[in-house]
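Okay, so subunit A shows up in both of these, paired with subunit B first and subunit C after.
So, the complex of A and B:
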């Protein structure tokens, strides 16, 4: 209903101006392909890599790259390529779930606050402001100290840490939308709070919140990788890319491939997301309220 | 009371309230646990009787609000208790390490802040040019890789490949000047990369906003020379946002310090805290957290006040 004629012609114009999939342009499309490739690896690698690739001592410790073992071996002589591919699911999937969770909860609270106003808005905003004044790594450290490092807890920790940021952006966007005439009309019409939140306000803040989700995903990837690097994230024998960097630090003196490969994997993922985010249409709207 | 002083006191009050609320959050996260400190201390083979006795001794059987007040009182009076692991007073452990961390942060700030301001200003002045694009792309790369990657690459390049520096730093080497330089170079280099990238981007955005404003166009048309245009016309209006950017970047400095102290074995508070987290030494973790949060809020407050002082509209009574 809301997709009026001018909106459609505007998107057609931008599609004409920009090439690539979904009008993302060349860098954006490239980023999207990299993300999809890592997602595919994350989901498929466990069933696709043979168990033998994880044998300890199959290769010399920190063996250099060679045919069949393209990234050499890790500190226990395991095939590094298999380790990186298997690590993808801990980095990509865990971060994705946490980022989507943070974004969904933050947006939900923000819609509630913007549509309700009054004391509920004040209490929610004040509470979120408090949480946001704890720097994220510090927050992560106390959560880990208190609750431990199992994967579900890490997802929860990362999600909780980034809810206030998502809330802040979403509320700033939603407050502007909630003051528009058609929302006032819908309110006067007697629509429920739920309807106002989901059908009137949400569709109009969805595009910038998608951009925000992308940025939050990058933050979560970096945070979880850092935690793992400190030995306070995903615990062995499971290994995300941060853990892989940590456990292979000794390789720095032997050429460093086992350290550089997982670190580069993180960098390709975060930069790919940045490229896509830069190409998304909601980018300027998110920036405007920051 | 002058309106300016009132405004500043108001901000101070808000910062104190924020800190108080943060202390509630920190206390709730670390105190409302299925297993408590007494259980942690006694381990698996504790009998219910000894557990109950220790709980009473530690005050864990008291209601939650009372425990919070007791804990807060201890923090404020500088007596947050003893480490569960080493049994040393927490304040003593932190006191030994705090100067090291402050020194690291100070050296980083002295290098990073002027560098970031200079690069950010250059990028804003030549926005759209090759220098701007180079700096911007460099900053995007630096903020999208984890700090430990920068630190690792620094070790790989400077220690392993070139052999110029030791891979680990120990504060005991600080006695001689050359020793100090060697200890500090890599941690400071890594921190600077992270902080400069953030701060530069925000400085550029704040100054570019001003440089695009109509009054700058007007000044340019009047024939104000370029240097004066940037420093005398645009800069005073950008100081507030820039001070804010610097303060927000200290959040990244803090995150960076946690990583850098760990990877280089630097004997600072952040390393102490990371060790505390892995040993679940709650009194230590709580106190470190509150010290870091207080420091962060203090910097944000200072930035806020600088912003107020720099804004002529807020300086004069209406």
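So, the complex of A and C:
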């Protein structure tokens, strides 16, 4: 029975993994398609949309959906569809790059700390503790005051703010893995620190770190929205989706599309990211161990 | 008083997979029935079903369990709760994991009696102390005031028995109660258990994978495999004339003979490994002495082609010795010479060639193999790392290595997650062999395996000794396995080497008293062994002054 049960679940898992693109399964593939669609929008929207679509007062304030203006108008009478499509650039690119950057840097430092131990671990951990103790909004304020606002600065700021969180989770996971016998065996073989980090430890903490990435992405979207609220984020008339939700809050009372549409856009993107993360291969194999 | 246990056509499933198929047996009042089988054979599942309990994800599908006059499976949850701890008590394998570390022992031991309203607190405490005395626990009056971490493993196991017996149950279920204990402690615990059971006349179910232990404790034995009953008969009959093939293979595995690999070590003038006055430990080092010494003044000489067994109880420093040689722990004093040259203390100071020549194999193959890698990747890494082989040469060598450890070549592309314990341990050995080392340090490589699988691994190691030119330092707490594969035995206790005994002298005594004590404490596969040991023993036992 012991031999047959894992074999069964393993074959079932591999059968499941074979379906869909890159073996992601149906939900994962769906999520991937949504992400790719939004990325395409983010890159192509500026060339699709005519300059006139952004004119203030072209339509009545909070105009309902109509032919030619499928999502109605915003609080200044601008075409909402154009606003959402143009906003994709900021939300998708800025949030995704910042979240991936934060996770990658955090995980990298965590692997280094866990595999090295000793003073390097202490220095890195205390450094991260220092960083985490600075309030994120305050940190963003200082960055903006010092360097002005720009998209690269926003990405960097958001990434730096979320590095310590990713680091702490990754280090907690990596320290446990680094103490296991297979890492000790690799050490007695004389493997380099680099090999231990990338080949022995990383594959075994990748799955939870990707889940963490999905969560962190949502945080970054929220951070961008709140920075825009303070006037420190993406500068008007450009707006990310979080800003669109906030500036059109007035439409909430009538259930207007102007506030629902960007909210739905955020929801589809975050759900898509999490669907892909959940469907990544290796999760079944890891579950089978436990 | 003991109750009659009747189990009829018990079937337990997990989802749509059957775990236990149509098990029926009867235990007369005051009798002990042993459930024996390898891990995954369903023995613990059956034992838990006697209390009407199924683990998460499992379900008792059909069948009948009667304990005394009670039909357990038809009871409501409240009825089952009234039964557990009161009529049926359970003693788990790991007492350390079964006690709450933040509460005093006495409070936990009297809990079943208070919970079921059997006794008042003062009376329960008096009874607990009487039980402590009966189970031969030291300081019976005060031991209950301690916390679980303040007593030893063997004492904790007896305290758990006291907890089980405090409500005067009719049935006691022992689930591998001595598996985690050292042999010398095991004798004490078994003796205490048996005396307590006999005096009360309770019925018992004894779950174990160790036939030799069961032979001392049980009146009859039920042999299980893959959730099916293979054989059920009296202990004497099973040991003398087993009817089933699987029972015979279990018996054969328990009677590990000496495999006597006929490789006589070519006595060369210079030892391959020479450990001199080695001390190691934890904490600050001052004048070559550690704050918390683990090893003190250990000397070992290992010649090329030789296999030396290091035996000792937990805490004797035998694993620390292996780790010092492997470079994982820097010695506080003393030298390790390898192939005539001093071995640098830490891994960072050793060159690649030295690292290649010493390989270590760990006890738990589960944690020794990276679950993210395939078998091929695990085996290819040392080939690429030490021998700079190209992809084709590596593939050929991996096939050879798998063949050497008797695994099918098709396994190479599989992840090591789905392998069985025995297969994992073979891959673990193959990885060490891939480096073509001169010295292989085996740290308890068979301890976590079932007896049949462990016997196969020992056979493999003996064969490897013949086919691969390497020396072995074989660390174990199991006298049988050490005797089976080694040319000499080093006995360790409290971090010191007590004696070294060559293979030729195993039978010739007398040896060091502690070695004799260890050898005597290994259960033998016949009934009445425990009685002989207890009878032959000089009055105060287990006390030995080095």
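In this section, the second predicted complex is superposed on the first by the 178 of 290 C-alpha atoms of A that agree within 3 Å, B and C clash if a C-alpha of one lies under 4 Å from a C-alpha of the other, contacts with A are read in each partner's own complex, and residues count from 1 in each chain.
In this section, contacts are C-beta pairs under 8 Å (C-beta built on N, C-alpha and C of every residue); 3 or more make two chains touch, one makes a residue touch a chain.
Computed from a predicted structure; not experimentally measured.
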item	value
Contacts of A:231 with subunit B and subunit C, given as first, second, both or neither	first
Which of subunit B and subunit C A:259 touches, first, second, both or neither	first
Touching partner for A:184 - first (subunit B), second (subunit C), both, neither	second
Touched partner set for A:137, first subunit B, second subunit C, both or neither	first
Touching partner for A:203 - first (subunit B), second (subunit C), both, neither	second
Touched partner set for A:91, first subunit B, second subunit C, both or neither	neither
Subunit A: partner with more touched residues, subunit B or subunit C	B
First (subunit B), second (subunit C), both or neither touched by A:243	neither
Touching residues on subunit C, where the partner in the complex is subunit A	17-19, 39-40, 42, 226-227, 326-328, 347, 350, 352, 355, 358-360, 362, 364, 367-373, 381-382, 385-386, 415, 417-418, 420, 431, 435
List of subunit B residues in touch with subunit A within their complex	18, 21-22, 25-26, 29-30, 33, 140-141, 144-149, 152, 155-156, 160, 167, 251, 254-255, 258-259, 262-263, 273-274, 276-278, 280, 282, 285-286, 289, 292-293, 296-297, 300
Footprint of subunit C on subunit A - complex, ascending	1-8, 10, 180-182, 184-191, 199-200, 203-204, 282, 285-286, 288-289
In the complex with subunit B, residue positions of subunit A that touch it	126, 129-131, 133-138, 141-147, 218, 222, 225-226, 229-232, 242, 245, 249, 252-253, 256, 259-260, 263, 266-267, 270-271, 274
